[in-house]
Each structure stands twice: as structure tokens, then as C-alpha cells.
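Both complexes shown next keep chain A, but they swap its partner, so chain B is in the first and chain C is in the second.
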Partner chain A sequence: MRRIASTLVLMFAAVVLLLFTTGSPCFAQIDHNIKPVNAKADSHVGGLTGEASGEAQGGLVLYRRFCVGCHGPAGDGVGENAQWIDPKPRDFTLAVFKCRSTPTGTLPTDEDLFNAVTRGFDTTNMPSWRPLTEQQRANLVAAVKSFSPRWQSEKPGTPITIPAETPINIESVLRGRALFQKMECWKCHGPAGHGDGPSASTLTDSKDNPIRPYNFSTGTRFKCGETNQDLYKIFMTGLDGTPMPSFADVLKPEEGWDLVHFLRTLQPLNTQEASLWKAYAAAHSSEIKPIGPDSGAGGSK
Partner chain B sequence: MITGSARNLKSSHLSVLSSVLMFVCLVVGIVLGDSQAAYTLPLHKVTAIPAFARKYGLPCSACHTAWPKLNNFGMTFRDNGYQLGNDRDSPIYQNPSYFPVTFRMTPNWHLEHATNQEVDQAASGISTVTTHGFDLSGMDLWTAGTLFNNISFSLLPSSDETGAFHFENAFVRFDNLKGSSWFNFKFGKFELNNLISEKRFLFLSGNGGFYQSYHFVPPGDTNDFGLGDNQLGVELMGHSKNDYTRYSVAVLSANDGNPDFLSAFGTPTGRTYDTYLTFDQAFEVGSLGVQRIGAYAYIGERPTNYQTSGGAQLYGIENKPFYRVGFTGDLYFGKLNIQPFYMHGHDNEFLGLGVPSSTPSTSLPVGARGPSWNAGFVEFGYYQSPQLVIIGRYEAVRMQTQADPATPSNFGNIDAYAVGFRWYPIMFSRAGLALHTEYAISKSIGIAPLSGTGSASANPNDPAVWSSSLMIGFDFDF
Partner chain C sequence: MKTKYFLLLAVIVAVSSAMVVAAAPPAGNATISGKVTYTGTPPKMKPIDMSKEPSCAKQHATPVMTQNVVTGPGNALEYVVVYISAGDQGSTPGTKTVEYDQKGCEYIPHVAVMQPGQPLEIKNDDQTAHNIHPLAKVNQEWNKSQPPGTAPIETKYDKPERIPVKCNIHPWMHGYFVIVNTSHYAVTGNDGSFKLADLPAGKYTVTAWQEQYDAQSQEVTVGAGETKNITFTFKALPY
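Our next item is the complex of A and B:
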């Protein structure tokens, strides 16, 4: 009888403990209740239709599983981990995205968002979500779109046209180098592309968070892809929300390719551009003027 | 508490009843408490590592369907050498104060119950044995991560509930050799590349906290191999970028992962090596998610005799072969996850009978042959949300061929059932807490269960032992 009584006391204590636990303040520390502004948002990627809503695999369910820790329950980029992350997670409520195929200031296409989720962002905490199924990623795109009213009032921009790449030769590299000087890219990215230009330390993003320019000497991939086409697209669309502007109005298409070819020489890669530049630099070292404030006009010869 | 007499048996039944009531009350309490919380382990498990969550700022649920079970993203991360591949993997990018270590333990209450056990305080010498009370699990102190880009490591000193430590795993892995995810080389002690990991499943009780199939050998067999045991050796493993296609080839010391060239029984091992081959392939099936199927084969040898010096055993000799082959799956139907597993096992007759292979054949039972068996299970998990999962499993082992033809055909057979749920009130990137509840019961013939006195059935009229575990605990790691 004593044993039963003691067991019952234990039962009671366990239940009380559990009830106390379930109601304890620990739950108030983290809010994982997702708060979309449009839970019915959808996406269209190829032949797939993604949905934010849905029981098991819906975008918002997946968002809660994978994304809420950084991007937050309201999609505003202030998840529980945001304070430890640099650069800060994207604020989906603003619907401003770096990697687009559309002109600066416009909404990206669903395909752009899908590619970003799939690719991840190099040198940030955003991983590649390629291990998720295509349907799951399409659903996540819909979830991303559910956090901003912009998607209900605006259409995505029209993707820019990427012309055929011009031939890769030393002339193109040298013209690109001159543009790097003339357009003052070096002020942020540094004369050697190390991300250490004189303006680098002053840069902030659209939310006033400090932001570092891309360091070409360590990166083998860019935030928005790794091909020459991806790099060309960055010039012509800009990285919205960052100090990197669009050069669509000031660069001719062939100049864009020249710049691409030069920037490839700054990366630690064995590219055709790098080989051409090395050979040229070895043969013409005395003629090459340094990039930077002391360089003469053109700065390349 | 051990009960033997009839009076105590009655009292024991009341105690079991009140314990069941406690279980029910806990369940009711959770429901009334607007549930959202867990995991326990009398058996020791390797699992989730919040150190990774801290490093990358991801919630547990990014890598785990419910920790410690991995989802496809978590599998990719692990197979990529604990790297996300976003140029933030090398320790050089981490704050110097960051240290990739995690602790895990599960204080718990559990009840163990077994029929047909040998006891002294009973006229027949046979009784039901019931024990229950508050208890501790073992403890994991796990550190893992990267030493450099594409060089990863894992070190897991692990204790049992008494605090006695051993090295559950310890390895260095060279990842993405030649820049290809198809070539990764691991060296040390590690878990076999099993698609269904016994180290990461959601069962923890005495009867449910292991796969019978992974550790089964027929009664009397002297083979110490267990598919669920971490092994010592090297492994070449590869996978596609999204981890949908995976393979591994491992060469392992024939000692079931035990140090000092000793077997699991403490006897010297032979000087041979085993081979383990696995392959699995995943498919996308519409909105259902990633479905995965795989196959495996383990081929090895174990000694049946020993070289001695002055009577002291030096090393194993007269090695005889064994193998385990089968297929497995990891299937999703919305919130429902189903994992089927099948194994066919075969041991050489000298291993099966536990006699040296130099034994004259005339001394063997007439018709002696290698024992073989079929084993398998179906496990399910219903993921109501990332914070609540209901789990269940049915498992069966069936002897196909007895080493001694005179042995009853069902000697060694096992049926096992387990159900439970885990509730994770705390599941974020710094720590995890789960309430684990589980009930598991098994019926074995000729096999001593974990519950009870450690003996197979002592009742000549009823050769089956029913052994059950009821468990409630708080599983935490940080």
C-alpha cells in the first residue's frame, strides 16, 4: 500500500512538473509561430507550382523547419540567430533581393528566388538547400513571397537580356581593367580586388548594417553564381539592398563583358583570363600602371 | 526492486498498474498542457550536436526530422564532412571562443518487466521479474567538426550510466578528395554507413532502444559481430551533390570495433579484416518528398580457436566466415515516415556451434550446418510538427536453419514491438530538450532479453520470454 501511495505521489509530481514546464517562461523566449501577410502565396518554377500553405510539405511548414532560426517568424530577418550572424539574414518583408535577373528596384522572378535557395550564398550563413526536393524549394519560394505585401501589388521585373559573350583576349582584359579604374570599382573592392578600397570600411546596406565589398582574391564563387553570365548579370542588375549599383545605364554590353574578363584575373582560379593577364604582365611590367588614386587616366597602360 | 514470491508478484502487478497510470497521466498532462516536447536512453546513443547548430546558426530541425534522426539535408551535411560548403566551414572563420562540443544525457524513470526468469525466492525457481525506478542514461560528450577545409573529425568519449567511459567513435575524414564529393576517406572508429542508423533513431528503452536485427546471433553462436556496433577501420565513401546517390566501401578489423585486438567477449581476435559495402539511391516523388532505398552486404570472419602460450590466448586462429546482406528504405508519405529493413544472416557452422574448426567432424552433431536467419523491421514516425513525433516499430527475427538440426526450429526467434512519442519544447540552435516516452515489448525464445535476470526462459513448459520496458525521461543536449 505504501508503495502504491508513493508511486501515486510520484505520478502527481511528474504531472505537476510537466504542466509547469509546458507553461514555463522558456517558451516565451522563442516565437516560432510563423506570421505571413499572405499565406496563400504561390510560386511558379518551370513546371512546378509552389505553395506557401499545405499540411506536411507546404512552404510555411518547411520555413518553420529550416529558415525561421535566421529569418524569423515574420520573415523580417530577426530570427533567434540573427544577432550572431554577419552578414545579417535577408528581410523578406521588404522584398528587396540581391540576386535577380530583373532590373534594379524590381521584384525578382520566382526562378531567381528558387536559384538562390538552391545555390545558397557563399561567405554567408545561408547554405545551399539543394538536398531538398525541387517541389520543397518551390514551396519555400512561395513562403518567402508570403511575407511581403509587395508581391500582391507588384509584378516581378522583366529579366534582362544577356548578350553573347565577347571573345576572351588580352585586349578585352585590358579594357576591363581600364573600366575598373574609370568606374572607380577599386574604391570599394580595392586596387587588387581584395575588398579593401578606401571606401570599404564606410559601406552599409539598406538597413544600415556594415557590409564588406566582395574580395576577389579569396572567393572562387560569387554570391549570385559562379559563371561569367552570373557576373555580367550582377553589373547590369546591381545587388539591391547593398551599395553595389546597377551599371545597366552606363555600361555597354561589350564593356560589361570586358569587366567580367578583367575581374576573372583577380580570382585565385586558373582561368583563361588569368593566363592571358599573367603572360601580358610578365612581358609588359614596366608599362602597367597601378590601379588606384595615383593612376593616370585609363590606368592600364 | 525485485519481486519473486506470489505475494510480491501481486504487489508487482499493482505497481505495474500504477506505473501505467503514471504514464497515462503524463500523456494527459501533456495534452492538457497545450503540448509542444523528447528522447531517453538506457542504451547509449550518439546523436545530435548543437555545436553545429551554434556554428551555423541553424535550428535542430534543419538537419533532423526530429533530433537525432537526420533528414536529407542533415545527411548531406554529414556526408560532406560536417560542412555546408559556403566558405564558412573551416575553423579559421569561427570566433576563437567557439568550441564544437556537446553534452547529452537523459535522466529517466523506467520499468523493466520479464517473464520466466530464474529467481531464488520462488518454489519453482521461476518467476516474473519487475524492476522500476528513477535512473540515468549514459552520457555523450561529443566533439566533431572540421580541422581545416575538407578535413573533418569526430571524437566521442561516451560513458555508461555508471560513468565508465569508452570511445564510441574517433576518426579523421578527408573530404571531397580531388574536388569530388564521390571520394571521401575516413580512418578510425566510426558507425557503419547504415541507411537506418541505430545511433540516431528515436527509441531509447531497454527493450526498444536497439534493433534486434542489428545485433542478433543465434543462441550458442560465438560470433560477436553487430551491424549496429561502431567498427574500427577505413572507409571510402561517396555521394552526389544532393546526396541522392551514396555508396561506401569499408575495410574493418575483425573485432567488432573493440580496442586492443580484443573481441566483444574480451577474447583475442583474429588477424583478418571484414568488408562492408553499401549503396543507396533517393528519388523525388512529387509532394511526398525524398524516398530512399538501399542495399548492403557485410562479409567477415571470426576465429573459432586461439593460438596460446602457456595456456594464455594470444590471437585468434581457424577463422570461419559469416555474412549479412539485405536491403533497406526510408520512405515519406507527407508527415508519415516509414523505414523498412530486411536482413539475411549466415554464420559458418563452427561459429554457430561455438566449437573450434579443428574439431573432428565426427564430434559435430549429425547434419551440422551453418545457421541462417531472416530478420527485419518496419519502423514509422509520424511528424505532427518538428516538435512532436509519434513513433512505432515492429521487428521480427526468424531462424531459417539451425546449426544443430536437433534444435527446435523456432529457437532464437524474436518478435518486438515499440511505441512512443517525443515532444521537443526546446529545439533551437543552442540546446535541445525532449520529453521521451516509450513502451517496448519483445517475445524471445532462447535469447536472454535485457530485462530480467539476464537468462533465457527457465520454464520448460513455456520457452518464450516476454520482456517489456516502460520509459519516461527528459533528453537534453546543449
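Our next item is the complex of A and C:
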């Protein structure tokens, strides 16, 4: 009995030794040493000041706990999980962000980043980090900023002015529909907003990864929020790093609201806009010109 | 008595005017010129299918070809940007507006060269919307929609960079913004030739950049009024 027991112990020890020395995947050496460009980065969100450094709950410590797996030790979006997820994690070294309140080509505000971390990105692997405290999230914003030198040489853009929303009525929806035709949104988003426009299948993001335009018929929450204000911001600031451009130079604010009201009718949600459109479409079906090439729907050129 | 003083004054004025003229920076009159060629077999350019954009397709009797390696007679390489990358003297600031047009769903010119801060004007002369998406990494990346009939986009770049430009709606459209720190640059035409003129005497590093074959550099020394001829040769591969 004793001989068997000691043999078993010896065998067990041998196996453990083998595992440690042959570098099996269970003990693979993954480098989690975080490599910020500027460890002193900070953030200001509301009344909170976030810090990237700090031993206990500093942003970079939290980053190592919660973020490094996807976003990587250098913040370049190439963490160990990145190869299996799509869309890819954001590359913070470029300081190019989708969801901003600031014009295209400019840095987002700290509040934009705070909202992104809090909200997460629906339909992606980026979760909502609401379970963390606001201070922790403010620290994480500082950590995000620690990976690019751009934050030290440039100020965030000036947030765009979002005027008060115009009344939701069928006239606004119809004007929005004409804009959807004229601005050629349908070329990527498709005539019914199904993400199947003629250019949709060829779209690539700024890192040459294939990317699909938003499909309104899914009704999923926009990556940058769910309110009409969020939707307005999307096309008035553009989603930097993606094919979605800014229309700020070519749309007047009231036209922006018309477009928002029309876009809501493309989603299978219980919105005021959707019911207005449904009633209109039922009564005027013969007058509605389809959206698409050479359509008179927008009365354009 | 008065006449003598008058004459003296006239002489002083004449001499000082001559001195002022002489003290202006010497206008360079040396030239570095030459040709950019390739060895080996370059890839065949392919015809672009614009059928998804009929308003552009109908503007071209024969299909437009891709432009990543455009060759000319005598193994010439077109669209190569040749410029002084070191030792530059006598550059003039870039104040003239550089124009970049979208016409027939092509970027014209294919490569636009400019200096930091130089005004850049982007126009849409097509019946379709385009979005202008310069994929800058050193400068800021931005992306703007430009429907037909809207105002030109006026912008500029502050840092030297070679920026690929694309339109997401029309994926075959490829162009470049090349920002260089010198007014001494040229883009080769179909004969591959270039000429950098008005150079003061000196030692220069001349760089040639082609979008697929990257950059090559040479050191060239020119004396006053001298013309030096150099060649750049890129190794082409069929893919």
C-alpha cells in the first residue's frame, strides 16, 4: 500500500515538474505588463477627477484587471482575446473614437469616453461597466488616455451644439425620408435601412477590417446610445475610424432632426415616429416613391 | 555747392539700392532632374467595374484602370513623388490652393502633393455623393460626406505624411495626399520624368516615393547653375 502511495506521489510530482518546465499552454507566459505612453494621464468627468496611476484603484491597475484581455497591454486593441472577437477592440494608441460629441477628426471629451465605458457597445464584446463605481470608470477613462501621445498635444474638439428637437410630426418624417434619399444614406444602409445597400458588402473600417453598416430593422441599440439626441450626434459627428462620415457640413440642424424622425420609422420599435409613418403609409401607399437609384423620392438633382 | 551735395546724395542712394538688391537671398538656379523607371515585371492594371454607380460608369467609354502601379514607355513609372527630403534650401511657402477633384468616380489628381499648412480644396463634380476619408495616422483622420452640389471642402494638413484617401461608398477610389516639408517636389508623368528647379547650390537628399514600392533616396550635390541628372529605379514584381 505504502509503495503504491509513494509511487503515485512521485508520479504526480513528475507531472507537475514537467508541466512547469515544458511550458504547456496552461502556464503560457502572457505579458500583462501594461505599457502606457503617459502614465500621468488624468480625466475630468463631472465633479470627478480620474487618474491613470495610483496603486490601489488607479486606472491602469483597473485596466489590467478588466480591459487588458481585449485591448492589450499597449492599449492597441490586440489583447489575447482580440483574435476571436469581431468587431475588434478599440486601438487606443490612435486616439480615434466612434462615439463622440465632438466634430470628426477631433478628440472626444472625457465625458464621451466615460459614457462609452458606462454604456458599453451593444452587439459587440464590449460590456457595460456600470457595476464599477463612477470613480473607477473615471480612472479607466484616464487609463484609456494614457495610451496615446495625442492627448498631450491636442485638446478635445468643441462639442457640437445640439439644438432643441423639432416637433415629431409626419411632415418632419417625410422631409427626413427625402434627405435619406438625397444624402444617399441608402447606398450603404439600403433603401429600407437593412444594411444591404449597394456599397454595404465592400465596406472596410480604417484598419481594413470588413464592417457592416447599421441595420435599422434589427432595432438594436445604436453603439453610441439610444436617444434621439444620440442618433443626431452619430451623423453630425461621424463615426471616426469607420465608413460613416460626418454630415455636419451638409445638413442644417432642423434637417438633422427630420432625418432622426425618419430613421426611427425604420426600426421595429414602438416610437411615435413609427406609428405616424404607419398611418401615413396606409393612407398614401400609391404616392410613396421607393427609395433608391434614380428615384424621385427626394426630388434631388 | 548744392549740386555737389545733390550728386553725393544720388550716389549714396544708388549704391544703397544696389546693396539692397544684392542682400536679397540668392535665387537658386541649379536643377536636379531625371527619370524614375522600374526593372522586372510590374502588375497588370485592372479595369474598374463601376456598374454599381451608373452615373459614373457612363462617363467612361472604356473602363478606368486601377492606378497602384502606372507605367509608361521606356519602363517609366508614373505618379512617383520626387522631393528634397534633407538639406532643403530656398523653399518657398505653399500658399497656392491645391485642388483635388472627384470626377467620374476618380480622384483627380491621383496624387496631390502639398506643404504643411497649404490650403487644400476638395470638390465633388459628380452626380453621386462621395465621402472623403483621408486615412491619416500622423495628422488627424476625419471622414466627411460630400453630396453633389454641396460646397467644396477647404482644409489643410499640418504634418508631413503620405495619406491614403478613400471613398467608402465607391471602394475602387484610391488617391493620396502627400505632405512634404519643401516646395521642391515633382510628380512624374507618364514618361517618368521629373525636374526640381531653382535650387541653391548645396548637398541635397532626394527621395522618390511610389505608393506600392515605397521610397528610395539619393544624395545629390549641385553647384550654382548646375543641372544634375539622376535616375531612380524600382524593382517591380508582378503582384
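Just so we're on the same page, the second predicted complex is superposed on the first by the 266 of 301 C-alpha atoms of A that agree within 3 Å, B and C clash if a C-alpha of one lies under 4 Å from a C-alpha of the other, contacts with A are read in each partner's own complex, and residues count from 1 in each chain.
Assume contacts are C-beta pairs under 8 Å (C-beta built on N, C-alpha and C of every residue); 3 or more make two chains touch, one makes a residue touch a chain.
A quick note: this is a predicted structure, and the numbers were derived from the prediction, not measured.
**Student:** Examine A:G120 and indicate which partner it touches, taking first as chain B and second as chain C; both and neither are also allowed.
**Tutor:** first
**Student:** When the two structures are overlaid on chain A, which partner does A:A56 contact: first (chain B), second (chain C), both, or neither?
**Tutor:** It touches chain B, and chain C stays clear.
**Student:** So, A:E80: does it touch chain B (first), chain C (second), both, or neither?
**Tutor:** So A:E80 only meets chain B here.
**Student:** Once the shared chain is lined up, is A:L132 touching chain B (first), chain C (second), both, or neither of them?
**Tutor:** A:L132 contacts chain B only, not chain C.
**Student:** Does the superposition put A:F66 against chain B (first), chain C (second), both, or neither?
**Tutor:** First partner only.
**Student:** What is the contact status of A:E226 with respect to chain B (first) and chain C (second): first, second, both, or neither?
**Tutor:** It touches nothing on chain B or chain C.
**Student:** Between chain B and chain C, which one contacts more residues of chain A in the superposed model?
**Tutor:** Of the two chains, more chain A residues are contacted by B.
**Student:** Please write out, lowest number first, the residues of chain A touched by both chain B and chain C across the two complexes.
**Tutor:** Touching chain B and chain C on chain A: no residues.
**Student:** Please output the residues of chain A touching chain C within their complex, sorted ascending.
**Tutor:** 94, 96, 104-106, 182-184, 187-188, 198-199, 202-204, 206, 238-250, 293, 301
**Student:** Can you tell me which positions in chain A touch chain B when the two form their complex?
**Tutor:** Its residues touching chain B are 3-4, 7-8, 10-11, 14-15, 18-19, 21-23, 26-27, 30, 54-57, 64-66, 68-70, 80-81, 84-85, 120-136, 219, 221.
**Student:** So in the complex, which bits of chain B are touching chain A?
**Tutor:** 11, 14-15, 18-19, 21-22, 25-26, 28-30, 32-37, 56-59, 61-62, 72-73, 75-76, 84-88, 109, 241-243, 284, 286-290, 334-335, 383, 385-386, 425-426, 428-429, 435, 472
**Student:** Would you mind writing out the residues of chain C in touch with chain A in their complex?
**Tutor:** Within the complex, chain C touches chain A at residues 52, 54, 127-129, 131-133, 135, 137, 140-151, 153, 168-171.
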